[in-house]
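You will see two complexes here that share chain A, one where it goes with chain B and one where it goes with chain C.
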Partner chain A sequence: MPRNSELVGRGFVVLSYVVLSTLPFVYAMARLQMVTGQTPLEALVNFPEAYGAIDALRFTLLEASASAFLTVLFGFPIAWCLGRYQWKHATMLRAVFSVPFVMPAIVVAMGFLLLIDQQSLLYKTGLDLRTETGVIGAYAQRTGWSHPGHFLALIIAHAWFNLSLMIRFVEPTVARLDPAWEEQMSLLGQGQSTFGRLRHLWWPVLGPAVLCAASLSFLFSFTSFALVKWLTPFNHTLESLMASYGGSAGIADYRVDTSEIVMSASIVQFLILLSALYLTSTLQRRHSSRFALVSEHGAQASRGPPTFKAKVTVYAGFVFALAPMVAASTASFRIRNKTDTGTTYTWGIEAWNAAWAGNLSTLNVAEALANSMVFALGTLIIALPVGWILASTIHALEISNHHRLAKALDVATLLPLAISAIMVGLGVLLGVLKNMPSLFQWSLLPILPHVILTVPFVVRIMLPAMRSVDPKWKEQASVLGLSPLRTWYHGYFSFIRGPAVVASSLTLAFSLGEFGASWLLVRTGSWDTLSVLVDTLMSRPKFDPLVQPTAMAAATVLMLLTFFLFILAERFRAEGEGGGF
Partner chain B sequence: MKIRLMLLTFLVLAAPLSGCIESASTEENCTVLPAGHEDDGTLRILTYDISALSDEMLEDFTTETGIPVEMIRVDDAGGILDQMMLTKEAQQADLMIGLDNTYLPTAIDNCLLQPHETSQENITSAAAAFYDGPLAVPFDQGDVCLNFDEDALAEANMSIPTHLNELTEEPWKGKIAFPSPVSSSPGRAFLAATMEYFSLESDGDAMSWWGDMIGNDAIITTGWTEAYETHYTGGYGEYTEGHIGDAWMTVSYCHSPGVEAFYSGNSTHSTSLMIDHASFHQVEYTGIINGAAQINGARLFIEYLLTPEVNGNMPENNLMYSVLEGYDLPETDGYRYHADVPSVVTVMDYEQIQANMDQWLEEWKAATQQA
Partner chain C sequence: MIESVLEIKNLAKSFDEVGVFSGLNLRLDGNEIVAILGPSGCGKSTLLRCIVGLEEAERGEIRFASKRREEGVGYLFQQPILYPHLNVAANIALGFKAKPSKKERQITIARELESVELDGFESRRVESLSGGEAQRIALLRAMLGQPEVLLLDEPFSALDLETRRSITVQTRKWLKQRNTAAIHVTHDPEEAELMADRVVPWQALFDHFEEE
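Now for the complex of A and B:
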């Protein structure tokens, strides 16, 4: 039975988080309502009339659905093979598959552009996804579908980005399923065919995890912005539409049209994403119960070394995961050299020197790296306990049979993911301006949006882990006469240490890669993070041949740092501990 | 049901708050506002990513004056105006650098700038013509016009257009990229040029021309970067990742071919389309924000920005012309040689932009959406 002070403390944290994460949306919506003179309902009804909105919605739904499907198609075989066999370098493999998820989208976009440009291997095989000649061009002409190559490039990039979702959700379940189940199933009539085993064993066990990963992939592809901007320049998602016109939204007597676009689009986006999040939350709960059922039998997968097919699948995935990152890093050493006799490329470290000296930006790489680390650590210090408290509160409500309240809080923790970054930026700006303008001069302000955006992931990781801890373990530990702290450590924490480490590394990596919210909220150059530095460099006119390689040098530093963090996290996570999001 | 309940809760929460936020002032006479932020001795500059404001230059200023500088960056000139409008009640910066003449009237109308005394003696008449009042000072300039790929035209055996109407014809189908005037300042400048261009013709109608351009599959991009870098075949974009290269013509500056040559060992196959009135003289301004805290620092920085050492180097540092008398583009690597100078450029006065820009944008959106 929790003490009163604990209940008050927990209530305070929960309430603060819910208010902090929803108030910006309320502020932004109120301002847009005032500027446009429309109620939210009217804005929803007027959505089809907003400039470019219908086209954007159609494209967003199409690309998000296709991306989710492709994520499952690419990710499931890798997760299956990774979980089913014993791999020599499992830690490293898991880290490689996890890194894409936290890469700044602009770096990913550049990596993919390098992989599909006219010097690429893909282009030489006749698959021209960028200028759409050859097969792709012929297909476009025959079907009348404009720019199928761009669409394909986008959904492949989204699948790459979300690969780790599939692996994190599915791999632990596959790894922990008792082989005896499969053997028993194959003895039964229903399990003698592959389809039968799929239907009666694998789908019930893995289905919720796959659908959960797919719905989160849908969500992240739906809100995609930088990848859309660079890979499909002829199309807008709702998010990129809002980003294009959102800068002037919310200002009275000025550009009412942009406020109308942002208001209508953000409401439609909010409603769709809320539905996706509700589905995710439901599926995750079902996944947790299946997962617990599986782990009750406690079998660690030990099917020996991987088969040839498994090796091909996992190593192909490994190459796929690394390719855009390697391409981006390589580009940091490649310098364009144009003269009146033609254009050549030379290899050198000039861009690295420029990045280190800060010749093309306000800050140099080392300063931006220091800022990134400060914000990331600050975010971790706040987001981890807040996420922990939220997850344990939801879990406590669940076990005390307050299911409705638990579900409401569960969905509420996901709200920041349903709200457009434009709305968060506008709302925080208005909120801070109204209540405490001096906060703008506080150099740690970017931590606030980082916390808002990372807490949902901490909750998503910790909640299933907490659900799977058997209360009896704690009871048993307390019987041993240990101190309360040691009882908690041995009877509870040691079982969720893995997920806690994963949540920490993910929080750090997310904060390092976070770009949108800090860019919208705080634009003071001396606080620039590495991801903002990369974007600033990439946005500059590139007449000077050093600009792009310098941006790629900064991106490489960011990639290496993120990769290092994941390797570190995987070392702390014991084999088979799970820790999916 | 639960989702509906949650939405309703939001709507209920949102409704009362809307009344708390005051509407923007519509007063004609502006008053100097108190500082919107605390003066901690640092000069805060609101700007887009102007290359001229290098780290080295900022350090020199700090060494000379003892005033540290902090940059608050936005995407472009439009972003500067948006930011000042949004933070009108508590401005977070002291000095703005980068509003151009298509945005300046809106900033002045909304009392976003405060008067200051800075000598404008050595500034060229072209830079001073649009506005020479006490609220803003020009710091760089250039002419926005159409650039085209000479090689692409030669290969297709096409002649150089002499009238904008030729661009609506079949050979140009899908071959021109325009940055949208709704979200790009060069896009706005070119929209203004077309308004002037077609107003001089007896049966000219700029909006029907824009409609025809959309009908001819013109590519509309969010900003200059996408149009020039991703789509245009004549610029540096062809050497960058993601280049599509489907546009033989785009909107840029008349001196952009010079910049191309400067960074490419005196070689370029891009040039400017020299049609009278089809270009727009753009001037970029700096000014002290109404609500600034570090006014003295802002004034000193404006003076610093106009020193020959800094402003004279605008072509190399910011890829724009200096506003000072006696300074031209450098001749190094064909910079000046390849930079085109239009014989008759559209020069609009303050009142024209002030009275018409919003309406032009609305008409442009209607014309392009209908098409």
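Now for the complex of A and C:
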């Protein structure tokens, strides 16, 4: 039984987190309500009349649905082939397929911009997504659809970004499903045909996982900001609409229309995201361990090495996963030279020198990296214990048969995912401006939204690990006469050390790459993060040939750091662990 | 003369160049129940997997009286594999070769359940079944396709002694009622005697095949 002081401590942390995660949204809403004089319901009703809102909603729904579809289309065959056969470098392959999800969106945007650039291989094959000439231009002219190339680039980038969701959810089940189940099905009357096996075995087993990954892809594509900002500059999503009007929203008697747009858009977005989260959470429960799972090595050994088709699928996916990252780092060494005869390119490290010297920005890469690290470490110091306490409280409630309370708290920890980073940033901004303006000068302010946005991931990773620890280990340790600390260490902590490292690495990676909230909150150049620095550099006019390569150099540093953290996390991930990111 | 439903001649199988068996011969006559008796790990299960087509034999010949192997053979695994996303009736229905009408399906399943003394189990969840009940459901499902030969891969080995004896006797009775031939592999001589018309020790499978 937990002691009273422990219960009070836990209650305090849980309550603080719930308040902290909902307060920015509630505060932003209250402020916007005061400025616009509308209730949330009125704002919802007035949504169609807000300038650009319907177009933004239509575009957001279209791009998020298309992105989710494309994620399934690209990701499922890879997940299937990867899980089904014995691959020589399976850990490395998995890491490469998973790393896009933690890659900073701004780096991805830069990578994809380069892949669709006029110097790119894609352009040379006649597929001009950027300036939309050739086939794409003809299609745009015939259908009257403006900028289909940009739209295509965005949904491909989203599919790339969310590839790991499909692999993390589907691949472990494919890899560990007892082969005897498949054999049994093939020997039964209804399992003789491929369609029969698909209907009676594979759909019930994999369907919830596929739909769960698809609904999460929808969710993340819906709130995507950096990719939308850079790849589809002619269209607004709800998120980018809020970001562009957010700067002047919430100020009394000034541009009330912008407050109205932000208020109604955020309510619509909140409702849609809440529905998507509810669907995800329901599907996640159905994607359970009812199915007989065996050791991944045992199941794969029975199917042997990959077939030729599987190799083509996985290696094509491998190239796709690496392409934007390779493009971004290669571009950092490629310098444009404009001469009278035309434009040529040379290879060199001038951009890297400029990045380290900070010639083109307020900060150099090292200083921005230090800022990012300070924010990331600050986030980790708070988010890990908070997430840990939340997860252990949910687990404690579950084992003491308080299932409803446990479920409510579980859903509450997911809430920040339904509130976009822009809204969290805006809420913090407005709340601080109103109540503690002096805090606005506090350079560590971005840590607050980073904590709110990363705690759900810590809970998602720690909770399944805590559920899987058998209490007999702790009981065994306690009857051996060990001290309470050693009992806790040997009977509990040693089993969740791996997931704790995974959660720490991912928290650091998410915080390092976070862009939306930092973009809103970092108001003084001296506290720019690496992701803000990349955006600032890319937003500069490109007369200076070093501007773009310097941005790519900064993006490469961020990418390498994230990659390193992810590989570290992979080493500690348990076999078959997939659902918890 | 009774026609043989299955003939195996000179069968060989190895895994990663390690031989499992070689020169194996067996003949199964119509509605005959044969028990193959051998120690664990000798290759009994591999033999059944070769017969049903889950493993490919390296050499030799497996000949069925029916034209298509998948239509002629039923298989019962060591552990009953019942799918937890389906209830008992839906699990049994997987055994139908052609999809029956809803009414026909209900009547057939109810009749089959009654024949194994599990009447009223249609809507039960498979997690709630005992080992013996689950294995009887799996047996029922395997028989639904009316196979010519049923292969039993030590399906009762995980059950307690009393249940094992009673289910073995019941299965034999059932197979005889349906005129179905069977190969039952086991390491338990008592179970082999209870089940089979003919008990064949594993080593005897490697004697030369007697040509008619």
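By our rule, the second predicted complex is superposed on the first by the 489 of 581 C-alpha atoms of A that agree within 3 Å, B and C clash if a C-alpha of one lies under 4 Å from a C-alpha of the other, contacts with A are read in each partner's own complex, and residues count from 1 in each chain.
Note that a contact is a pair of C-beta atoms (placed from the backbone, for glycine too) under 8 Å apart; a residue touches a chain by one contact, two chains touch by 3 or more.
Keep in mind that what you see is a predicted model, and the values were worked out from it rather than measured.
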Check chain A with both chain B and chain C modelled on it and let me know: fit or clash.
fit
Answer with first, second, both or neither: which of chain B and chain C does A:233 touch in the superposed model?
first
Could you look at A:244 and tell me whether it touches chain B, chain C, both or neither (first, second, both, neither)?
first
After superposition on the shared chain, which partner residues are touched by A:33: those of chain B (first), chain C (second), both, or neither?
first
At the CA centre of chain A, how far apart in angle are the CA centres of chain B and chain C, to the nearest 10 degrees?
160
Would you sort A:206 into first (chain B), second (chain C), both or neither based on which partner it touches?
neither
Counting residues of chain A in contact, which comes out ahead: chain B or chain C?
B
Would you sort A:180 into first (chain B), second (chain C), both or neither based on which partner it touches?
second
Determine, under the contact definition given at the top, whether A:188 touches first (chain B), second (chain C), both, or neither.
second
Determine, under the contact definition given at the top, whether A:542 touches first (chain B), second (chain C), both, or neither.
first
For the superposed arrangement, tell me the lowest C-alpha distance between chain B and chain C in Å.
27
Starting from the residues of chain A touching chain B, keep only those that also touch chain C in the other complex, and list them.
none
For the complex, give me every residue of chain B touching chain A.
2-3, 6-7, 10-11, 13-15, 17-21, 23-24, 26, 36-38, 40, 44, 49, 51, 55, 58, 70-75, 78-79, 81-83, 85-87, 89-90, 92, 106, 110, 182-183, 219, 221-222, 224-226, 228-231, 236-237, 239-246, 259-260, 262-267, 319, 362, 365, 369
Residue numbers of chain A touching chain B in their complex, please.
22, 25-27, 29-31, 33-34, 39-41, 51, 109-110, 113-114, 117, 130-131, 229-231, 233-234, 244-245, 247-248, 250-254, 257, 271, 274-275, 278, 331, 336, 338-340, 343, 358, 360-363, 407-408, 411, 429-430, 433-434, 437-438, 440-441, 523-526, 536, 539-545, 548
What part of chain C is in contact with chain A in the complex they form?
52, 54, 70, 73-75, 77, 79, 81, 83-86, 93-99, 141-142, 144-145
Chain A contacts chain C in the complex at 178, 180-181, 183-185, 187-192, 200-201, 204-205, 290-292
